[in-house]
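Some structures are shown below for you to check.
Below are two complexes that have subunit A in common, paired first with subunit B and then with subunit C.
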Partner chain A sequence: MRTRWLWVALALLLSFWVLFPIYVIALSAFSNRAEISAWPKSFLPEHFSLETIAFFFGVEGVWKATLNSVIVAVMTMVFSIGLGAPAGYALARFGFSGKDAYRLLILLTRAFPIAILALPLTIRFIELGIYDTPLAVALVHTALALPFAILVSYSLFLGIPREFEEAAWTLGCTRIQAFRKVVLPLALPGMAATAIFAFVISWNEVFAAAVLTLQNRTLTAYLLTRLVEAPLYFQFAGGFFLIVPSLIFIFAVRKYLFSMWGIASR
Partner chain B sequence: MAGIRCQSVRKLFGTFEALKSVSLEVRDQEFTVLLGPSGCGKTTLLRIIAGLETETAGDVYIGDRRVNDVPPRRREIAMVFQNYAVFPHMTVFENIAFGLRMKKMAEGEIRPRVERAAEMMHIEQLLQRYSGQLSGGQRQRVAVSRALAVEPQVLLMDEPLSNLDALLRLEMRAELKGLLQESRTTTIYVTHDQVEAMSLADRIAVMWNGEIVQYDVPIKVYQEPETTFVGGFIGSPPMNFLDLRIERQGGEAAGRLGDARISVPDTAAGHLRLGVRPEDLEVLPSGRGESGLAGEVVVVEPLGPHLQLTARVDGQTVRVTAPADLDVRPGSRVTLRPNPARLRWFDPDSGRALH
Partner chain C sequence: MINERTLPYLLLAPSIAFLLVFFAWPLVEAFVVALTDASGAWSIDNFETMAADIYFQDALVNTLLLVIVVVPLQLALALAMAVLLRQLDAGRDLYLYVWTIPLGISDLAAGIVWLVLLSERGYINTVLAGLGLIEGPELWLSYESPWALFVAVVIAEIWRATAIVLVILVAGMQLIPKEYDEAAEVFGAGRWQRFIKITLPMMKPSIQTALILRTILAFEVFAVVVALGGRDLPVLVSEAYFWQFEYQDSGVASAYAVLILAISMLATFIYLRVLRVREEQLA
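And now, the complex of A and B:
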């Protein structure tokens, strides 16, 4: 009984730790300008106002950066699934030499700090003529998201019994038909979750985006360059707008993330 | 309908030899059971016939067609899997219709055929359900219906009843037997359950260590096992094996077991192994001058319809099935008289039967 209360207290503390800053940002984003710098601060939403948010979207470049972010994130999503799902399927279904090493290698790609990769990548992208394009950023983001995409789809396909496919083969399907009619429908929710996760990784990434773009900033990169000069309320609104999609997405796919990490969700 | 012929089929998994040159012929409309302990290669053989596994060497024929390079979808087979493999994202109706749709059958033809297949397995009231809403037994019925709906040349079943509980298994077994007797589909059925094999099969192929050790009708496999392995694997309790020393008197050979002398087939060997089923031993009270094997009862297990006795004969353990009203207790001295028509002799070194 004693330990149970301890756990509850700990859980509350952790939740507070994460939620309080988000709450403050949300509070500030929906207050008027005067309220933000007021002291002592009120932690209750007393003066609800869309003024700050409206101002944020009124600033030149915000919409363009948002659009860029969406383009990059969608490309990342497509690349990650397009490459990650077949890789995950191969890992789940086929035995091949070097399989274990390959699985380790996938994770090792996360061992290189993006800061080290950024400079050589910049040079290479300039040579290729794709510097400062959404494609370049999406490629780097795909490199970041791909390990997750592969490992999540690996466990997804592993969870679909091989017999389903074999039964489909004996009932008249080719390999591709069996995949399309039996495996894909079963894997689809998990694939969607993986795609969204890739989207969020891209949406939140700031370093590579900032280094690899000049004119075509993504939202994170744009906000980063603006933060120094921007007024406080602008920062709050921008922060809030960055957090919200990630929160919604992560909440939507939490079940699959848990299963990826081997935690049973109830 | 079609027969199946496997010719010297061999399968290696890495260096492990799962099948050592297996030949098997299943006649048209025959129900053959592949029986053996786990790891004997029976499922591998079935999967090779289905085309889900590729043979290392040898040929497989379905009908007159060599199917080695034919993918599963063109072999005109249907398979029932141990874990049912009922597609969870489709209704029962769609599951059963799956194979028909793949054959591009007209919609008007699919419905009556699905309904007929469902009726055969008594699941017509479940057609709109999903797999998740079914019990294990119902799922198995769906799997069988789905296989029968395509009216395959050959039906392959991989331990289809082993995931069901005992009572349901008994019920499904009888039902399957009735159904397949009616449809006369050539069937290969894999199981490790000897009772299932005995009750269902036209012929049983007993497998061990990647080989078929005996392929015959159930009663022959039971009464005349080709090897000590078959005798020991089939039957519950299994066949008794007693080692005898051979003595010669005036050119005639006789087996010696304790004080008892048993006439044996003529052999040059110094030892023989006698195989006798527990129900082929008659229990008589000792000391009445009856000829037979002298033994002492060690354990008495009343099982209802009969008694299960464990006795010691000349230091060797013998199991006997005795009438339920027999008056014996542990320690009783008895004479066991084997039915001379049911004795089976084996070479103790190779384990093969002597003919």
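And now, the complex of A and C:
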């Protein structure tokens, strides 16, 4: 019985280790300038204030960068699902030659650092005239998110019995109708989780966004280039604002986290 | 014609085309850019410039040290968390949810979070002063105390990226049949013995996956380091970034990228050899 309490205590300690830093940055983001440079620090919220957050969004470029981040992330989401879902469906439903080679290709892509993709593409994008656009960043982010989207949709479609579709065919549905009316509704929640994941991969990515943009910065790229000169309270508000979507995301996809990683890590 | 035989290829074609254009091609291109000089002739000038740069050696050493220190600690911590999770009776889902939160946090945000804690007038210093260990605000994150900067990056990386190891390990642990553990218990194996003799060997495939993935990502450590220390603690990716962005020299930046790729591949190869997974262990 004593060890039970020890386990619970350890689990609580680990939860504290994860949550405390998040609590502290939230505390900083919702305090005023004086408190951020105060010494010693107070661990309880004493003067709730929107001053720091308001200042952050008042700085020129922040809204634009946020908007760019959202545009890039939505594009990444659409591209990865649009390209990844059909591939996942093909892998799950058909036996064909070259299947193993294709799966190997997908796994291999995960071994490559983002720097090796982003740097040469910078040069090509300048030539093509799409350097410094959300599209350019979204294309590189899709290269990151696509292998993941393929593997996850593969496992999703595999989980939907083929018999359902076959039954629909015998009842007179065409392949497309059967897919739309039978498979799609069942796959939709998982697909949504995959899409959210692609969104967050893009929202969080720093390196490619930083080398591929100049004027049209995403939020991460914008914050990175402001790190040197910006005052601490500006950085703290930015850091907090970057984290908020992640918290919502992990909450939204928590059910799928393990089925996604279970398959994606094999 | 669209029929049963061509349909799968049609469905795969867009993704293959995309990966060729945005993966295979830039990969080749990176080698070409790294291995040509300004006039377009083949040369190893870029690599020589890279190796001769004052930041190069520090960047290489720091990156390797970070991987060597961070990855084993993360594996140990994630294993402990996964095992602990199995011992708990209630609230398992809630703990798991909390522990995986950092999975969604970007490395830049993680760096800033630890900046809040570790800055001169930050929370850690407040605690240290409260305990009487330091007298007043103390500057840790500076080039004058590189070891403190290194420790800060290690802590921030462990905080941020242990979750991915945990998720892979928990997914792997779920595949182990409960009966094995129960059988060993019937035969009198203790808790520690069961962990060493059953759980750990059964988890070898997921440990291998987690190690490879985490190591590759650890070689790419970037924004955490820049957020905490700027260029005071150079690493390979931050140097690639500075060469591309500050010096506008794609050649040397690509040389860094090629080096990072080479090291990652080498590490993956070593893991695959050392932790060889036999066919029957693949669940």
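In this text, the second predicted complex is superposed on the first by the 248 of 266 C-alpha atoms of A that agree within 3 Å, B and C clash if a C-alpha of one lies under 4 Å from a C-alpha of the other, contacts with A are read in each partner's own complex, and residues count from 1 in each chain.
Just so it is clear, contacts are C-beta pairs under 8 Å (C-beta built on N, C-alpha and C of every residue); 3 or more make two chains touch, one makes a residue touch a chain.
Everything numeric here is computed off the predicted structure, so don't read it as measured data.
Trainee: Evaluate whether subunit B and subunit C can sit on subunit A together after superposition, giving fit or clash.
Mentor: After superposition on subunit A, which the two structures share, subunit B sits beside subunit C with no clash.
Trainee: Once the two structures are overlaid on A, work out the angle subunit B-subunit A-subunit C from the Cα centres, in steps of 10 degrees.
Mentor: Spelled out: centre of subunit A as vertex, angle of 100 degrees.
Trainee: Contact-wise, after the overlay, does A:V137 reach subunit B, subunit C, both or neither (first, second, both, neither)?
Mentor: The answer is neither, since A:V137 touches no partner chain.
Trainee: With both complexes overlaid on chain A, does A:E163 touch subunit B (first), subunit C (second), both or neither?
Mentor: It touches subunit B, and subunit C stays clear.
Trainee: Name the contact category of A:A208: first (subunit B only), second (subunit C only), both, or neither.
Mentor: Neither: A:A208 stays clear of subunit B and subunit C.
Trainee: Looking at subunit A, which partner touches more of its residues: subunit C or subunit B?
Mentor: Of subunit B and subunit C, the partner in contact with more residues of subunit A is C.
Trainee: A:A11 contacts which: subunit B (first), subunit C (second), both, neither?
Mentor: second
Trainee: Give one of first, second, both or neither to describe whether A:I71 is in contact with subunit B, with subunit C, with both, or with none.
Mentor: In the superposition, A:I71 touches no partner, neither subunit B nor subunit C.
Trainee: For A:I250, decide between first (touching subunit B), second (touching subunit C), both and neither.
Mentor: second
Trainee: Compute the least Cα distance separating subunit B from subunit C in the superposition and give it as a whole number of Å.
Mentor: Superposed model gives a least subunit B-subunit C C-alpha distance of 10 Å.
Trainee: For subunit A, what residues appear in both contact lists, the one with subunit B and the one with subunit C?
Mentor: No residue sits in both footprints.
Trainee: Per the contact definition, I'd like the list of subunit A residues that touch subunit B in the complex.
Mentor: 161, 163-164, 166-174, 177, 182, 185-186
Trainee: Quick one: in the complex, what on subunit B touches subunit A?
Mentor: It is residues 50-52, 71-73, 75, 77-79, 81-83, 85, 87-89, 98-99, 102-103, 146, 150, 156 of subunit B that touch subunit A.
Trainee: Flag every residue of subunit A that touches subunit C in the complex, lowest number first.
Mentor: On the subunit A side, the touching residues are 3-4, 7-8, 10-11, 14-15, 17-19, 21-22, 24-25, 28, 37-41, 43, 79, 82-84, 86-87, 89-91, 93-94, 96, 102, 105-106, 109-124, 139-140, 142-143, 146-147, 150, 200, 203-207, 210-211, 220, 223-224, 227-228, 232, 235-236, 238-239, 242-243, 245-247, 249-251, 254, 257-258, 261-262, 265-266.
Trainee: Considering only the defined contacts, which subunit C positions touch subunit A in the complex?
Mentor: Residue list for subunit C touching subunit A: 4-5, 7-9, 11-12, 14-16, 18-19, 22-23, 25-27, 29-30, 32-33, 81, 84-85, 87-89, 91, 93, 95-109, 111-117, 119, 121-123, 125-126, 129-130, 136-137, 159, 167-168, 170-172, 174-175, 205-206, 209-210, 212-213, 216, 219-220, 222-223, 226-227, 230, 237, 240-241, 244-245, 250, 253-254, 256-258, 260-261, 264-265, 268.
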